[in-house]
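In the two complexes below, subunit A is the common chain; its partner is subunit B in one and subunit C in the other.
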Partner chain A sequence: MEILVCIKRVPLSGAKFSLTADGRDIDTSRLGFTVSPHEECAVEVAVRLVEQHGGSTTVLSLGVEDAEEQIRDALAVGIDEGILLVTDGEEWDAQATAGAIVDAIAESGKSFDLILFGNESADASGNQVGIRVAHALSRPTLSGLKGVQVSDGVLVGERPAGSVREVFEVSLPAVATVKDGAAIPRYPSVPGRIRAKKKPVHRSTPTRPLSLLAKQSVSVPESVGKQTKILGSGPEGISALVDVFRSIGVI
Partner chain B sequence: MLLVIVDQDRGVLDELSLQAITFANSVDPSAPLVGLVVGASGREVADTLGRFGFTDVYLATAPDLNDYSAAACGRAAAELVSTLAPTAVIAIGSQRGNEILAHLGAILGLPVATECTSLSLGSPTHVVRARWAGNLMESAELHGSPAICSVVSHLAPPAAAMNQTALVTEFFPNFTDTDLAGQVRSRIAESEGGTSLADAKVIVSGGRGVGAEGFGPLEELAHLLAGTVGCSRVVTSAGWRPHAEQVGQTGTKVAPDLYIACGISGATQHLAGCRNSKTIVAINTDPDSPIMAVADYAIVGDLHQILPALVAATRTARGI
Partner chain C sequence: MSNVPASAKCVVIGAGIVGNSVVYHLARLGWTDIVQLDKGSLPNPGGSTGHASNFIFPVDHTKEMAQLTYDSVKQYREMGVFTECGGIEVARTPERMQELARRVSSAKSWGIDGTSIITPAQIKELVPYIDETVILGGFYTPGVGVVDSLRAGTIMRERAQEMGALTVCAGIEVIGLDVEAGRITRVRTTQGDIEAGTVVIACGLWSPKLAKMAGAEIPLTPAVHQMKDIGPVPRFKDAKGDIEYPIIRDMDTNMYERQHGTGLEVGSYAHRPILHDPEEVPSVEEAPLSPTEFPFTQKDFDLQDEHSLELMPEIIGDESVGQKYAINGLLSLTPDGMPILGETPEVKGLWSVAAVWIKEGPGTGRAVAEWMTHGESEIDLHSSDIARFHDHHKSRKHVKDRSAEGFNKTYGIVHPAEQWNSNRNVRLSPYFEREKSLGAVFFETVGWERPFWYESNAHLLEKYGEAVMPRTAEWESRWWNPIINAEHLAMRETAGLVDLTAFALFDVIGPGALEAVQRVAVRQMDVAVGRVVYTPVLANGGGFKSDLTIMRLGHDQFRVVTGGAHGMADKKWFRDRLPADGTAQIVDLTSKYTTLGIWGPNARKILSAVTSADVSHDGFAFGTCRTIEVDSLRVLASRISYVGDLGWELYVPIEQGAKLWDVISEAGSPHGLLPVGIGVYGTTGRLEKSYRAFGNELETDYNAVEAGMTTAKVKAADFVGKEAHLRQRDEVQITTLCSLTVDDHASKSGQKRYMLGREPILTKAGGPIEDAKGRRSYATSAGSAPSLGKHVLMSYLPPEYATVGTELLVEFLGEQYPVTVAGVGAKPLFDPENLRIMS
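The block that comes next holds the complex of A and B.
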């Protein structure tokens, strides 16, 4: 089985984002980078499926040259090769991204049985690149999966919906978008990291089409300036907290 | 005219979809509202939608469409768009709403703006939308017609019922085999008992500071407060707790009456899931951790000392 996984490099910040001077983007000069947990799970699902059924895996990212770091992270946990579609850092909207991925698939000469995406990217939250790629390739898609199995050429997916889990089945070749929780991602081992350095990463430089969803500016929402009441340090705060429980009616 | 996609599951109206109606009304109060319901099981839902201000409701059915399929909903919407030419197509920003719009956008070759908080129609249309699960807002131009967008959940109240009826028209989209292949095939009841995270009134949530073995007192406290246990992503990725308990951007978004964050630093991605809680209590050794800035009450200290004593004090207060 040949599997492709698509991942996006995004800044990692635990605190409030600061913006660039022109207000058009996040100031990433002091931030680390990562991929969405959904995509980490997609990578793990791909590696597990190939461990189970044999085959090979490819990871693809459209992003700046430094996105090689996220590709190498995926290679370190068992993905076989990488494709980096190099951009100049300008934002590509979901349609443009899907188009570039479809072109890269054609160029790779491979006929991937399964193409995996995150349900949504961490930053843009478009919820759509995978579904757009599926339509361009006339393939069935299952989205938002928290369970992915393959048996006898059939993709079986499931996801929680209220008090039940919905189960879907489509024949391969297919596209699936997965969510955090679909599999616990493994940590890269030291030998894995070393092997990753030698794995091939193919590059190409697609041309960005005009954005039909064009970002103009960003802003950080006002936090609801809460007055935090410190009830105490250590156990001395406990009786005050029990009073809070009483006053808000939970005991 | 504005087209609103109203989700239903085996004949039960999705209550969140009523927020999309309110949002559509705010976008253009003078435009007629047309609703789309997909699946024969939605017939009764379609019949009652007039109450929410629709002039017309379209019901898409097919003999081979027996359950929910995102692709089929997208196809049905695409056919309505080509016959009715609405100025916008609006759905709620739920998993289903967003994926249906993605199919619609892909079929029509149009952009889709998800998670919008405001929409002003024009050429181009201007949208404000949430990125990073609401930690960053984006102003953007949305080109092409119709404007396809989903509205952030819980932005707008549900549409109020009025004394009005709509004309319901059944139609039969040309579903492809691929559209129909993506239907729900079966459902499995979730085995977990007790209250689910999304519905809990009290959540006692633990992060890295709790440790692999430290969740016992959190469970006890949750039990005493008739609530449930939640956790951060560090905890689920270490395998300490099941993923179903994860709160945050890629976990569950919760809004309980009381959220007690124990040993959780309050990363933006975690706050994206719990910020709307009515009261937030933080228990943390670090007085400068970001959770302190969103907490209503805090105890600075070691949760391993505080929690057992808090359990005992709560038990005493409840007289048990």
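The block that comes next holds the complex of A and C.
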């Protein structure tokens, strides 16, 4: 089977964000980049499905030239080739992004049996691109999946719904968006890294359509930032520590 | 509300390895009322200490660094945080094998025992996961180990607290440093102000930012060192501790691999230099990991992945071993690769302890604490002294250019005379264009471009033939030319002209000038106007702080002439000891005057041709100076010599230098005058005369008696180090500076080899020589003595060896060569009666 995974380069979080001078974006000059945990899982799902069923995998990203880094990361854990739709760094809304992906799929000449997305991007969190692509391609789609299996041309997707698990079956070709937890992503090995460097990444430069959605400004919510709470020290601290362990369910 | 004490005797900013070490050692030396601040939280405030790879290879070619590291290991061991695992520097090339042999020699010179060259098979036995077929051998140091630097820091802080000497305030940012009348007075923090007369900046890569708050400069740059941790490694799955296998340094690829529990850490100094500005390093809040752990940039590591795979295919090639963690870790680099230690020249009471790595952290903390307490440290820190920097060294471009160039040499094969490529032609003498047209080959000293030899003298090679002692081996021919020796021989026959513009010059002036120079100089400075005095400058303990020349130009005016390399530190030394009442001042004249030296048997004839002044032996006595007219110029002439021949140093305002050069050159041409490079002035000329050089023979490790630089009487006036000096004159001498000549240069291959300096001097049986204080004998200098037809070494030797005729060995690049003691003490090998100079 042929699988396509779509990923988005986003700033690495974990710290207080600063904004650019015009207040329209995150200042990324000191930040690293990554993809969302959902997308990491989507990549892992794709690699495992092909390991199980045979076939090949492609990773696609729409973003700046440097998004090649995220594509190579995916190639390092077993994706076979990459497609980079190079932008000038302007924000593409969900509709424009989906359109570019649909065009790129057509251009690739491949008929992907399964197209995987993260449920939402880590920065814009639009929850739309996967579904828009499915709609444009007239394919069935499942979203928010925490489990993805394929058997006999059928995609079996699972997701939690309250205290129960929903299980869906749709026929391939299909589109699915997955969530963190769908599979535990593997670490790249050094040989994987070395192979990734030699794998093909196809580039094209789509034209950005007039945006229907325009980002006006962003703001950083008041947050407490990183805080260290001293629970106590020495033997006196133990009961407080035990309370914490209980509250997070590890004991 | 204020959460910091309102005042302290000393504030130490920074709680990384070196800040913690400084507070502990200050407390140990009796300091109380110390406040330590850090912006981050403890025990890991987020600086470079927190992500360090924490391993220590003790051997370094630099004595100062080897001593600091040695002392640090001792301290880590005492604290129980040192795990010995051994370490092997492996070679992939024959050049590297030679370099490793040189490291064995350095280990012997600095007293690090037990190192050896081992074969690929022996390496495989110690490190079974290595592919021994890609290497030629290795340099094994059993004493290599890893430390828990964060734990060590905590222990040192706690010890200082237990002594009641230290208050630790974490999570507090310094926002200002107040200076009044050139002295530090106050530390402003987010939690209130602290009045303090002594402040130590131990802020690692943030140090420049802190220094700027006080108007001082700490010229370092944050730079990236990439490392990745992979695992779990099947072979290490039952690992009991942090490390059980020796650490590998893959020198030729600038990488290291070390076991880290169940993982393997792979680090690199091979990637492109990635430099940052201290201002752009994020705060603790803004940093995803820690402020000094930048996101890993894989593409800079792509080649390193392949190199590590070649060396350790079993682990690196294992598909199940994943890359769990990888960072672009920030560390501090300096333009000359040495730390930045000492009181800042700009602000009294403000100290820098920066650009210090884990391996030398505790030793550096101890040394700086001693310096702060006693005015000097047991380990001589002159190569790390913050006062060493000249102004242009502090420009951001210089710091970045040199740090970048040095970065990829971290594991490099660096020749002792190796020249920098970046940021050259900064300081040019007035003779530069003339020198260039003569085919001068320029070496750089503190920014000055100095001719080391002149291609225009190449024709002399034929004339002198074998007497120029030609070298065939590549290593000692590098950064050398036999023309140097030809220039030397020619100077001894006729005369040589030497560009000495790189001298640092400063005047001590004012009614208190005599008192000021008397206090610093060992020799009598209460001399007649027009006298030139060469004098040692001692530290309190009687060891060498410098050696320099002082001219008394007037009742209240003394001109200090010293080497460019150490000039700024000398200036600070004098300035710090000026009379408190302000009756003497220092005026730097380095950029005002140029110096041209003329020496050789024909020097007088030449000078006579262009001056009407009496320059006869009696009319212009040795050791005197006065202004004479040379052609249309008024020239300060000083009759002294560092090359052992009759002659003068001629000083004129820098814009008149070119004219002086032309006048002297023209007058000299019928008398065989030729331009002579620093190769002669700095090495061959002085070595034949057993003249000492600061930083080589003269260091605070050795005193004036040991260096053979005492006079019959000691002046009545007090001077720094006098008490110790008087004591040392009465003590039984345990070592003496000697000159040795090499008896046979033939290596096993038959090629003649010539030592370059810092090699161990060994007994005839090949054992190390150590004096009663444990100081090893090594070649403090080495070079050709063409007039003697010998290669000369200088070395301190204990009394049982310090007799003329004693036969010993010198080890050079893995082989030992016979040497003989040819001179003991200051008596020159060449022209021992000084007839030439006094002619």
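What we mean here is this: the second predicted complex is superposed on the first by the 223 of 251 C-alpha atoms of A that agree within 3 Å, B and C clash if a C-alpha of one lies under 4 Å from a C-alpha of the other, contacts with A are read in each partner's own complex, and residues count from 1 in each chain.
Note that in this section a contact is a pair of C-beta atoms (placed from the backbone, for glycine too) under 8 Å apart; a residue touches a chain by one contact, two chains touch by 3 or more.
Please read all numbers here as calculations on a predicted model, not as lab measurements.
*Asks:* Which partner chains sit in contact with A:K16 here, subunit B, subunit C, both or neither? Use first/second/both/neither.
*Replies:* Once the two structures are laid over each other on A, A:K16 reaches both partners.
*Asks:* For A:R193, decide between first (touching subunit B), second (touching subunit C), both and neither.
*Replies:* Second partner only, subunit C.
*Asks:* Quick one: is A:G55 in contact with subunit B, with subunit C, with both, or with neither? Answer first, second, both or neither.
*Replies:* Neither partner.
*Asks:* With both structures fitted on chain A, tell me whether subunit B or subunit C touches more of subunit A's residues.
*Replies:* B
*Asks:* Can A:F33 be said to touch subunit B (first), subunit C (second), both, or neither?
*Replies:* In the superposition, A:F33 contacts subunit C only.
*Asks:* Could you give the residue numbers on subunit A that contact subunit B in one complex and subunit C in the other?
*Replies:* Common interface on subunit A, subunit B vs subunit C: 13-16, 226, 228.
*Asks:* Residues of subunit C touching subunit A in their complex?
*Replies:* 41, 230, 280, 282, 284-289, 294-299, 302, 305-306, 308-309, 316-324
*Asks:* In the complex formed with subunit B, which residues of subunit A make contact?
*Replies:* 13-17, 26, 36-38, 93-95, 98, 119-120, 122-128, 131-132, 134-136, 138-144, 146, 158-171, 179-181, 184-185, 211-221, 223-224, 226-235, 237-242, 244-246, 248-251
*Asks:* Within their complex, state which residues of subunit A touch subunit C.
*Replies:* Residues 12-16, 18, 29-33, 69, 72-73, 186-194, 197, 225-226, 228 of subunit A touch subunit C in their complex.
*Asks:* Taking the touch rule as given, give the residues of subunit B at its contact with subunit A in the complex, in rising order.
*Replies:* Residue list for subunit B touching subunit A: 9, 68, 70-71, 95, 98-99, 101-103, 105-107, 109-115, 124, 130-144, 178, 181-190, 196, 201-202, 224-227, 233, 236-237, 239, 243-244, 246, 249-251, 257-258, 265-269, 275, 278-279, 281-282, 287, 290, 292-302, 305-306, 309-310, 313-314, 317-318.
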